[in-house]
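For reference, chains read A, B, C, D, E and F in written order, and residue numbers begin at 1 within each chain.
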Amino acid sequence: MRSDNRTAGQLRPIKITRHFTEYAEGSVLIECGKTKVICTATVEDSVPRWLKGTGQGWVTAEYSLLPRSTQTRVSREAAKGKQTGRTVEIQRLIGRALRAVVDLNALGERSITVDCDVIQADGGTRTASITGAFVALVDAVDFTFGGAGKFPITDFCAAISVGIGSDGPITDLCYEEDSAAIVDMNVVRTGSGNLVEVQGTGEHGTFNRDELNALLDLAEAATDELMAKQREVLGTTANKVGKEFPTAPEV
Amino acid sequence: MRSDNRTAGQLRPIKITRHFTEYAEGSVLIECGKTKVICTATVEDSVPRWLKGTGQGWVTAEYSLLPRSTQTRVSREAAKGKQTGRTVEIQRLIGRALRAVVDLNALGERSITVDCDVIQADGGTRTASITGAFVALVDAVDFTFGGAGKFPITDFCAAISVGIGSDGPITDLCYEEDSAAIVDMNVVRTGSGNLVEVQGTGEHGTFNRDELNALLDLAEAATDELMAKQREVLGTTANKVGKEFPTAPEV
Amino acid sequence: MRSDNRTAGQLRPIKITRHFTEYAEGSVLIECGKTKVICTATVEDSVPRWLKGTGQGWVTAEYSLLPRSTQTRVSREAAKGKQTGRTVEIQRLIGRALRAVVDLNALGERSITVDCDVIQADGGTRTASITGAFVALVDAVDFTFGGAGKFPITDFCAAISVGIGSDGPITDLCYEEDSAAIVDMNVVRTGSGNLVEVQGTGEHGTFNRDELNALLDLAEAATDELMAKQREVLGTTANKVGKEFPTAPEV
Amino acid sequence: MRSDNRTAGQLRPIKITRHFTEYAEGSVLIECGKTKVICTATVEDSVPRWLKGTGQGWVTAEYSLLPRSTQTRVSREAAKGKQTGRTVEIQRLIGRALRAVVDLNALGERSITVDCDVIQADGGTRTASITGAFVALVDAVDFTFGGAGKFPITDFCAAISVGIGSDGPITDLCYEEDSAAIVDMNVVRTGSGNLVEVQGTGEHGTFNRDELNALLDLAEAATDELMAKQREVLGTTANKVGKEFPTAPEV
Amino acid sequence: MRSDNRTAGQLRPIKITRHFTEYAEGSVLIECGKTKVICTATVEDSVPRWLKGTGQGWVTAEYSLLPRSTQTRVSREAAKGKQTGRTVEIQRLIGRALRAVVDLNALGERSITVDCDVIQADGGTRTASITGAFVALVDAVDFTFGGAGKFPITDFCAAISVGIGSDGPITDLCYEEDSAAIVDMNVVRTGSGNLVEVQGTGEHGTFNRDELNALLDLAEAATDELMAKQREVLGTTANKVGKEFPTAPEV
Amino acid sequence: MRSDNRTAGQLRPIKITRHFTEYAEGSVLIECGKTKVICTATVEDSVPRWLKGTGQGWVTAEYSLLPRSTQTRVSREAAKGKQTGRTVEIQRLIGRALRAVVDLNALGERSITVDCDVIQADGGTRTASITGAFVALVDAVDFTFGGAGKFPITDFCAAISVGIGSDGPITDLCYEEDSAAIVDMNVVRTGSGNLVEVQGTGEHGTFNRDELNALLDLAEAATDELMAKQREVLGTTANKVGKEFPTAPEV
């Protein structure tokens, strides 16, 4: 039995609040147990220099822990003048995960920057960021979408952490479980059931193929559940994902 | 009449939520109209080198805008590798304001870091930060307070922005009013009625002594109202501010 | 009686030397007692990107302490790779103060950078910088002025520090007085008698409205005296300030 | 058929040269086809602050591309003053991979820094770095090993990149293949057959469980081959890996 | 007698390997005793902003020690985020030395960046860098040379370190000799016999004109020998140096 | 004839003002024609970590151009966050030059930092810095000198720039001459007539041994003249240089 009485494959309570702040084109607060992340998506009508004139857009992500989102305060990166290796790694992961479900040509020459700011951290902040950022991204893309043509988001996308604890494979590790896990794995998956990212690491041990498969089974069930949640929260907007709209809406 | 129908001296609706996040010794969400700031106070049992062995503590502040707290996204300072001049100026102001009502000797050799992270910015973020940070500071100090001796917070402290708009002096400027103001002034005041900081600036014009006095009158009324709100939110803890407790509580 | 026998409202001996170095369009050495600052104003025929095509110019300031301008050596900011918060705050203040008396449209698409380098620091370096920088700015603007139209400097501008010492309000604090002051205030004022900046801070105490008014009275007298000195030093050039010249001079 | 006539599961020619430079305790040049990396391991008798007094050692890695190791020159990170996100991510991966086969207690309070400097890059530089760094690490640990007790390296460790190209899964991608791959996966494995890291990414597509398994099959065969090569190159030193030596050698 | 049995004026064994790596337009490994430097020359079809439109090219150099090129590991400059003063000084010297034998007009609007990465350091790394970089530069220039007109390299160029040890002046100091030298001098010379750079420093003593002349005599003999080596290694390409080719080669 | 009517070997008018600022242990303004440098020497009772416990002191230098010391403004290094290569090179040169005439054991465990801040630059700023810094250094050392034992300054030290212009070798080049010089050489020399540094560079040409000797002849005459000036300015303090005082002075 886990410390919060969950079963091995059980997610923590999840809550996704759209339109959390007012100014961003997409703004979401995602809560996975005590982990809370503000995800905003900002649309800008310009692209990085290497994409100018290609007709293609770009999606990128930034990630940060508020200094006291954690049990002991972490230094503010802006004050130290540099981002840690962990931060850089996470924001690259979020960006890659989101781009996997964006048709950059359909997006056109626009940049979307997704900011994931963790206000409370209890494990799984990077996967919660991806799951929440997807919803913010859909809202931001919808904000710019003309109403006809291909909707630039091609599929759903959610992420979860799984790991091997002292009693075997478990889903959605809280900080305490994460610190003790023998193996830690982050999995990003799409609505079609395919994998986008699999990052398994054995800091306190190694793992075999059977264990890997058990972890992936847990991750598949969890991400299916998360994507159902995303769909529910997005309401009718969810139906645009992966669609092509042949004619412009009547005005 | 102001854009949101307020009178010249009227504050925006104010809401202070204590215990907003779980880990910090003091954690407050302050909302002044659309301006929303998370203020956390972290206690550490160490002091800067120049205070070691003096028996004295220290209080310092850090400030940041979330990238999309604003109407157009501002670059993340951690990504640029340096804090802007504006950020540095604001966090110095917050630190000075709070120290004015802390007895650093009564605090003992402890550091308190107050983090003010703006999640939505509609003018007055630095003064909202001070007003909210004061409540977080009281909670954090109370967390460490033994129960006897001098309570290290000596008085209440709140701040407000006032300014001269096209129709004369006004209180608690929103972003739109702030951008158009001829004179902008931030005032920090204590429960005793005294001033801690007066920072008046005429970027789009200058001001005379009469105008200065009109602005200070508005600021006095507003900070009185804000300190009443702090007192209400702090409940019985408010009574410890400025007190000396002769004997330890019975156990 | 003050340590150097001055009365409460008395300025230290002030000396302003124009054309102190040869290359800058404006170059001034200002000495206020032992405080000595080199102020140079450089004119460049370009503006920051956000002003391009607006026909408007810009005035900005940089400030630095020479490492051994002070009683104990301060680290060289260039060697540490970053400017301190204090430096950033001061150069923003100097820039705002000067822009208050410049008609940026009359200046045209030119940038003026005022460098204030303190070679000896005995309190009041930021206000001495403003008072000296004004003279350098007038010289630099005059250097570029065609002879007809509006002279881009609209009024005089000088600054002073005042504060509350153990014997009450005093003017033009030296370092020793500044360190001991209960309240410290910097005031920037124009020739018309209006205020541009009022920055009062109580690090070692707070202050009431009467004390604030006493400080402002001292500051008004002091800045009047400083502006008389600027006028005297500028000679006939002083007469151009605030003037409009209807026809070009005969050649 | 692949551009260099390899079969899908075939490694490029591999060459590992020990004692490549003279000063490092371990120094290896690893060549995987055209990819060439100098891996040195440096032993220092100190540990990071958070390990002082624990009796435990530490292993960390740094990684760099020589500016012209690549087809077009990349900027020197030292000149730009910061490491790219890619560099940071890679050096974190190398460090984690190596620590998975080091008994940090058996190592004692020593730090080993492994430097992986790529002098020619044709794909697979991070996995070649791990495979080469392992050999340098064994040499460096052997250099400090007293001859009795547990040898601090507990198992072999090698890494390979696999991916899905237009003709299906392939092993050991060169730069050209890597750029075109739909899915790219780096796998780190130990001599016991277990996995340490699995990092699969679909930048140009997603992948299903069957494809993941096909990639892992290729990676297992390839890392077995690489570890046989490490064993051959290490000669009798290879026998110390994973051993405990009950008595000190006679002298 | 010197530690490695050389006579006072004797060079260490020198070996220059062209085409050391595959991608750079010029790529050389130079070995002077145990000192080993990879010198690559990269041609880019652009010039620094201040040369645009002048028809003139530019040659610049970067230098780095691999962290474990030395007897004790030096910190990686990219990780510290800045280059040391020593590095900056050396790369400026290499750039100046090479430009002395390049006709920047004949080069045309191209930039050549020479990277000198030391993989093993036993004294004389900056002079070995210059001698090796010259060969890489000739190859890179030849790569871009159309076959008619002035060959942009006007003369040979090599460098050597000389110094005064306990037994008098010596040539090509190894690290041990360099550390003990009373005077250390680096000399850059051209094929015409002229001097490009003379940098003599007395950290552990001073020197007189006679000693200076003795050092220069040693340096002249050594650089003659080094340039003969460069000529031999370059083969027929050596003949292009300093030549003008009146007509394009028949095709 | 030179632009300012000097003969080839003639120095510009030189003026050395001691005690230029009040706080530094040594403070000098040196003026060589229009070149003006403030040199201060600061004594601190601590040494870099690598000298702790050795009984030895250290002397180091920092150098800076005030932004408008030059004909067109140079960016402030503190604002850019890094020192240029030129600055680093110059401050290393000044430090080495001064250490050549300091007995670091006689100095004891003290650090002296010499700051050379150029307030007006017309060529020869690095050599003027050395010549002026020497005088500041003597004053600072004298300030700490107990009166008995070896005076830590062992000899005089001055520096000059010489170069080859269109009419042959000249001494003490102003900016205009320096820009046009074929060869530029900086020479540091001691009172004993020995050389400390010779740095000759041919950016616009090369030079032969005869030209080198002609330049050194000019440099010897010039530095003799400069050291006579130093001696004159130092008055009786000059007599302590290079002396050993057997008994403490009577009190």
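As a working rule, a residue touches a chain if its C-beta (ideal position, glycine included) is under 8 Å from a C-beta of that chain, and two chains touch if they have at least 3 such contacts.
Fair warning: this is a prediction, and the values are worked out from it, not measured in the lab.
A.B. asks: Trace the shortest chain of touching neighbours from chain A to chain F and give its length in steps.
C.D. replies: Between chain A and chain F, the shortest chain-hopping route counts 3.
A.B. asks: Of all chains present, which has the mean Cα position farthest from that of chain F?
C.D. replies: It is A.
A.B. asks: Between chain F and chain C, is it the same set of residue numbers doing the touching on each side, over half shared, or a different set?
C.D. replies: At the contact between chain C and chain F, which are copies of one sequence, the residues are largely the same (over half shared).
A.B. asks: Please compute the angle of the rotation superposing chain B on chain C (C-alpha atoms), rounded to a multiple of 5 degrees.
C.D. replies: The rotation relating chain B to chain C comes to 180 degrees.
A.B. asks: Report the inter-chain centroid distance for chain A and chain C in whole angstrom, where each centroid is the mean of the CA atoms.
C.D. replies: For chain A versus chain C, the centre distance works out to 52 Å.
A.B. asks: I'd like the Å distance between the centres of chain D and chain E, where a centre is the mean of that chain's Cα atoms.
C.D. replies: 34
A.B. asks: How big is the gap, in whole Å, between where the Cα atoms of chain B centre and where those of chain E centre?
C.D. replies: The answer is 60 Å.
A.B. asks: Would you mind pulling out the distance in Å between where the CA atoms of chain E average out and where those of chain F do?
C.D. replies: Roughly 29 Å, centre to centre.
A.B. asks: List, in ascending order, every residue of chain D touching at least 2 other chains.
C.D. replies: Residue numbers touching two or more other chains: 81-82.
A.B. asks: Can you give me the ring order of the chains, beginning with chain C and going next to chain F?
C.D. replies: Counting round from chain C, the next being chain F, yields C, F, E, D, A, B.
A.B. asks: Looking at the complex, which residues from chain F come into contact with chain E?
C.D. replies: Within the complex, chain F touches chain E at residues 82, 85-86, 88-89, 91-92, 96, 99-100, 185, 190, 192-203, 206-209, 212, 216.
A.B. asks: Mind listing the chain E positions that touch chain D in their complex?
C.D. replies: These residues of chain E touch chain D: 21-24, 27, 34, 36, 38, 40, 42, 44, 62, 64, 66-71, 73, 76-79, 81-83, 87, 113, 115, 117, 119-120.
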